[in-house]
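What follows is chain A paired twice: with chain B in the first complex and chain C in the second.
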Partner chain A sequence: MKFRHLLAAVLAAFSFAAVAQQPVKIGMSMPQTGPLGGGGKAALLALNMWVEDVNAKGGLLGRKVQFIAYDDQTNPGVVPGIYSKLLDIDKVDLLIAPYGTNVTAPIMPMVKQRDLLLMGNFSFDANAQIKHDKWFNNAPWGAGALAWGGTFLQAGRALGGKSIAIMAADAEFAQNLCSGGRVIAKAMGLQTVYDQNYPPNSVDFSSIIRAVRAAKPDIVFICSYPAESAAIVRAVAELGVGPTVKIIGGGMVGLQFAPIMEALGPLLNGFVNYNSYVPEKTMDNPAVREFLKRYEVRAKQEKVDPLGFYLPPFNYAIGQMLEQAVGATKSLDHKVLADYIRKNEMKTMVGNIRYDTVGEWAKPNLVMAQFRGIKGKDLDQFRQQGKQVIIGPAAMKTGEIIPFDKARN
Partner chain B sequence: MKRFSIGALAVLALAASMPLIFHNEYFFFAAYVVLQFVVLATAWNILGGYAGYVNFGSGAFFAVGAYTAVALYKAFALPLGLQILAGAAASGLLGFGVGMLTLRLRGIFFSIATIAVAIILETVVVNWSYVGGAKGLPIMRPTETPFFANHTVWLFFVMTLIAVVAVGAARFVETSWIGRGLRAIRDNEVAAECSGVPTLKLKLAAATLSGALMGAAGAPYAQYLSFVEPTSTFSLNYAINALAMPIIGGMGHWIGPLIGALLLGSVQQIVTVTISSEINVLVVGVMLVVFVVAAPEGILGLFRKFFPRRKS
Partner chain C sequence: MPHVAHPAFLVLGAYATYLLTTYGIDPLLAGLLLMPVFFVFGLGVYQFYYSTFEGRGSDQGLRGIAFFFGIAFIVQVGLILAFGVDQRLVDADYIGTSVEFGDMRIPQRMLVAFGVALALTSALALYLSRTFTGRAIKAVAQDEGALRLMGANPVRIKRWAFGIATATCAIAGALLIIIGPVEPGLDRLYIGRTFCVVVLAGLGSMSGTLAAGLILGVAESVVLTTAGTAWAPAVAFGILLIVLGVRPAGLFGR
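Up next, the complex of A and B:
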């Protein structure tokens, strides 16, 4: 009998040791090619840096962290298959959502039905319809479009704007954002003189810009994806958007990515666009500064976005949140972790975050910044203060908005 | 016919018993895709292989099936079986309509017309907010599926059933007078017409059947993904795969698309699991080039070359 007990104890010890040896697997799909590929690669580097850092500290629950990421090609159709594989073949313990709304939306029903914790990654209102209680999106804009479009439209109003033109890509994120913009514009009493969608991945905007110019709006609210954003900026530079326009931009994804900023250079002057981080004094944060120093070295080696302002700090912060939750609860149980994240303040390098009932930042911190004084195509200038002046919200402001045509000269 | 029916029943029985052998849900997730391509390739081959009319708009027929099912599910919460029938009917009608408009065109002109149809329909869906428009629409699967372990297994069985029906229909077409007429059209349409073959009627029948089967394959798509959005539903990958699989398997016989879809579909899924999800499109391209150059009659052609039938 004693021998049997001893044998059981030895076996139990061995199996415990075996579990302890197994890594904690964290899985995700990430756009590494396709329209969001540029941002996705930079975000992936930040997550890899977090994995290296946490493993250097001993991992999670004394186990090394293994990070599994597949390229979803920015194609929503392949994402459910990837997450099914992550869960059923790779047997991951924790999930992170891909960067972007379009590629996150397809997995929301799956995670709700399997009742899984999902850390969101810069998606916008992806949980609005599903209302999953284990969804926590790390994005500074919060729920709904009010915090987003509001700052931009108020700035337009401050310049005396009375009419608005809206142009949006026919895609999940852009449509969500512009729907919110329309609501705010109506509430503010702005007259809509142009409101059109265009097919995603359009490259020629000359006819649209001509139509906008003919409508003579004061405010031009644009909701676009990277390649389209670059094409719109070029079309505005070539054709002009008309003397009535006081403010243009708002929701242009891509104008935060270093390769696009470098390629467009002075053509960006005057555009007002949302951002998650710009090197202005009100956003100065030693932890982010320190991270970006390390990131820049790695980004150069791995040939990804050399600035890394937009996504990398927030992706690193997703890792920090998982680290805090797992460390505090000593658990990988999704319900336990979700309860913890819901009830506690998450301490990350992008700030201390509390989540609201739909899993978005309770206190959004999205800034609208105006490109100013960009000369040539030197990327280093974007690291200086004053090149992306924060014009709202009030608490983060580093300057007043300048009308578009004045900022161009 | 008897042998085929027994084979079909055996395949269905095997599909029903799969959950006893495989317990990993991803197996069924991947197998569903392979079976979906069996249907698409078989459907494509009815018009493309037998009649020689190359359809580049397979994605449109597939998507019409998917969106018809989504619209009816949203409006009336129709069960999956009725969604599939409705999807097949809608895509069959589309096939008939497109056939009426374009089957008087030959060669490359017909192919271009099918691409145009796909683009037009995608634009319509992008602007149709009821089914999600460009934003897409999340679909919550039923939480309980009677007789099956989960909804993925159920969808796998349903797709097996559609695949069996598609292969059966293709075999019927091939071995009947319709198939002989379509082959005559492929070889020389003018000569076929002069010989009394009702060319337009046969082509319309083939386009309708081909479209209906593609629509049936698309109908469960939204439930499979739990989401539907136009870019991936109208993806050109469906057209490429639907065309590549019969070419690789062999276009002259109903078993050719089946072999091509099972081979190419399985290789794509294995590559996705073992190497990466983005390599699988490359696999299609490489295999297509290799087969077009080295074995233009596909695997069936190779088989016939190395194992010729003895003349009695």
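Up next, the complex of A and C:
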């Protein structure tokens, strides 16, 4: 009998030691190729930096962190399969969502059905329909379109805008955003003079820009993805949007990515667009500044976005949130972790974050910034203050909005 | 020959153009300079394909397609390793400016692309119809055995044709990056449409290819503005299905 107890104790000790040696697996899919590949690779670098940092401190629960990330090619169709593999074959302990709404939306039913914790990654309203209680999106825009489209449209209104043109990609993110924009525009009494969707990955916007010009709007609200955003900026430069337009931009993904900013250069002047971080004095943050110094060195080696303003600090912050929750609860149980994140303030490099009932930032901090005084194609100029002037919200403002045609000169 | 790597070569041409523009060379000139390089590259790729598949008679069915899918994958990964995954654009005097016709403005880059594409198609059509090698290229697509009886070497002719096709990717890639931003995975977007245009035109018809491209573009635009964006991607294959049902040889095929 004594021998049996001894044997059981030895086996238990061995199995405990074996578990303690197993890494904590964190898995995700990430757009590493395709339209969002540029942003995805930069975000992935930041997450890898967090994994290196946390492992240098001893890992989570005394176990090393193993990070598993697959390329989803910015293709929503392959994402559910990747997450099934992560869960059923790789047996990951924790999940992070891919960067972007279009690629996150397909896995929301699965995580709800399996009742899993999912850390969101710059999605927009991905949980609006599903209402999963273990979803926590790390994105500064909060729930609904008000915090996003509202700031842009109010700026247009302040310039005397009375009519609006809306153009949006026919994809989840852009449609969510422009739907919200329509609601806000209606509430503000703006007259919609043009409202058109276009297929994602369109390369020529000449006909759309001509149609917008013919409609003579005061405000042009654009919801687009990177390649389209670049093509739209070019088309506006070539064809003009007409003298009536006072403000243009709003939801153009890609104008935050260094290679696109560098390539477009002065063509960006006057555009007003959302951003998560710009080097203006109201957003100055020593922790982010320090992180970006480290990031820039790695980004150069790995040939990813050399500025890293938009996604990397927020992706590093996702890691920090998991670190805080696991450290405080001493658990990898998804319910326990979700309860903790829901009830506590998450202390991250991008600020202290509290979540609302749908798992979005309770206090959104999305800024609208206007490109000004961009000269030539020198990337360093985007590191200077005054090149992306924050025109809203009021608490973050670093300058007043200038009408589009004046900011172009 | 199931050359499904053609769009990948097109993207390769765009990136090669981008590389040359970083040395201050105009993108259009860069495309022209790259044509001989791509021609030689095409000869090499065909020779490799012939040695490993066609010459051994193992190019039938899916194996030939697998070879070119493999090549396309290697090109894509190579571009990612060399340039990263970010969108790349080029600059030139005719990019970012427009030509005015009354109230109408047309971007110069689109006019340049249209003009060069038209000239290239005309030149290729003339080459294929007026020269011995051109006619041999058409003949090898119809009947290899008959061509051999005429004293021409089908393998040499196919290698030459592959070289020309790859050379056109250089200038077409230059036009692609002149029109808009490119990224390494862009070929995936083009492969369906490319297939559709070629089959719609009728295999081997140069003028048909131009017409099929125009038909597809106009049809997509009309559907886009009338039926909505969700139907636009279905246009290519919708037209293809109808044409294959009514005229299996394609609109301009013999």
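By our rule, the second predicted complex is superposed on the first by the 409 of 409 C-alpha atoms of A that agree within 3 Å, B and C clash if a C-alpha of one lies under 4 Å from a C-alpha of the other, contacts with A are read in each partner's own complex, and residues count from 1 in each chain.
In this section, a residue touches a chain if its C-beta (ideal position, glycine included) is under 8 Å from a C-beta of that chain, and two chains touch if they have at least 3 such contacts.
These numbers come from a predicted model, not from an experiment.
Q: In the superposed model built on chain A, check whether chain B and chain C fit or clash.
A: Once both complexes are aligned on chain A, chain B and chain C clash.
Q: One more residue to check, A:Met108. First (chain B), second (chain C), both or neither?
A: first
Q: Please indicate which partner A:Ala263 is in contact with in the superposed arrangement: first for chain B, second for chain C, both, or neither.
A: second
Q: On the A-aligned overlay, A:Ile89 touches which partner chain: chain B = first, chain C = second, or both, or neither?
A: The first partner, chain B, only.
Q: In the superposed arrangement, does A:Gln324 touch chain B (first), chain C (second), both or neither?
A: Once the two structures are laid over each other on A, A:Gln324 reaches no partner at all.
Q: First (chain B), second (chain C), both or neither: which does A:Gln73 touch?
A: Both chain B and chain C are touched by A:Gln73.
Q: Pick one for A:Gln388: touches chain B only (first), chain C only (second), both, or neither.
A: Neither partner.
Q: Going by the contact rule set out at the top, does A:Asp170 touch chain B (first), chain C (second), both, or neither?
A: So A:Asp170 meets both chain B and chain C here.
Q: So, A:Ala237: does it touch chain B (first), chain C (second), both, or neither?
A: It touches chain C, and chain B stays clear.
Q: What is the contact status of A:Val203 with respect to chain B (first) and chain C (second): first, second, both, or neither?
A: second
Q: Output the chain A positions appearing in both contact lists, the one against chain B and the one against chain C.
A: Comparing the two interfaces on chain A, one with chain B and one with chain C, the shared residues are 33, 73, 170, 197, 199.
Q: Of all residues in chain C, which touch chain A in the complex?
A: 76, 80, 83-89, 91, 95-98, 104-110, 179-181, 183-185, 188-189, 221, 224, 228-230, 232-233
Q: Taking the touch rule as given, give the residues of chain B at its contact with chain A in the complex, in rising order.
A: Going through chain B, the ones touching chain A are 24-27, 29-30, 33, 123, 126-127, 133-136, 138-141, 143, 225-227, 229, 231-233, 235, 272-273, 276-278.
Q: State the interface residues of chain A toward chain B in the complex, per the touch definition above.
A: Touching chain B from chain A are residues 33, 70-73, 75-78, 80-82, 84-85, 87-89, 102, 105-110, 112-113, 129-130, 169-172, 175-176, 197, 199-200.
Q: Considering the complex alone, what residue numbers of chain A touch chain C?
A: These residues of chain A touch chain C: 32-35, 37-38, 40-41, 73, 170, 197-199, 201, 203-204, 206-207, 210, 226-227, 230-231, 234-235, 237-240, 254, 257-260, 263-264, 267, 303-305, 377.
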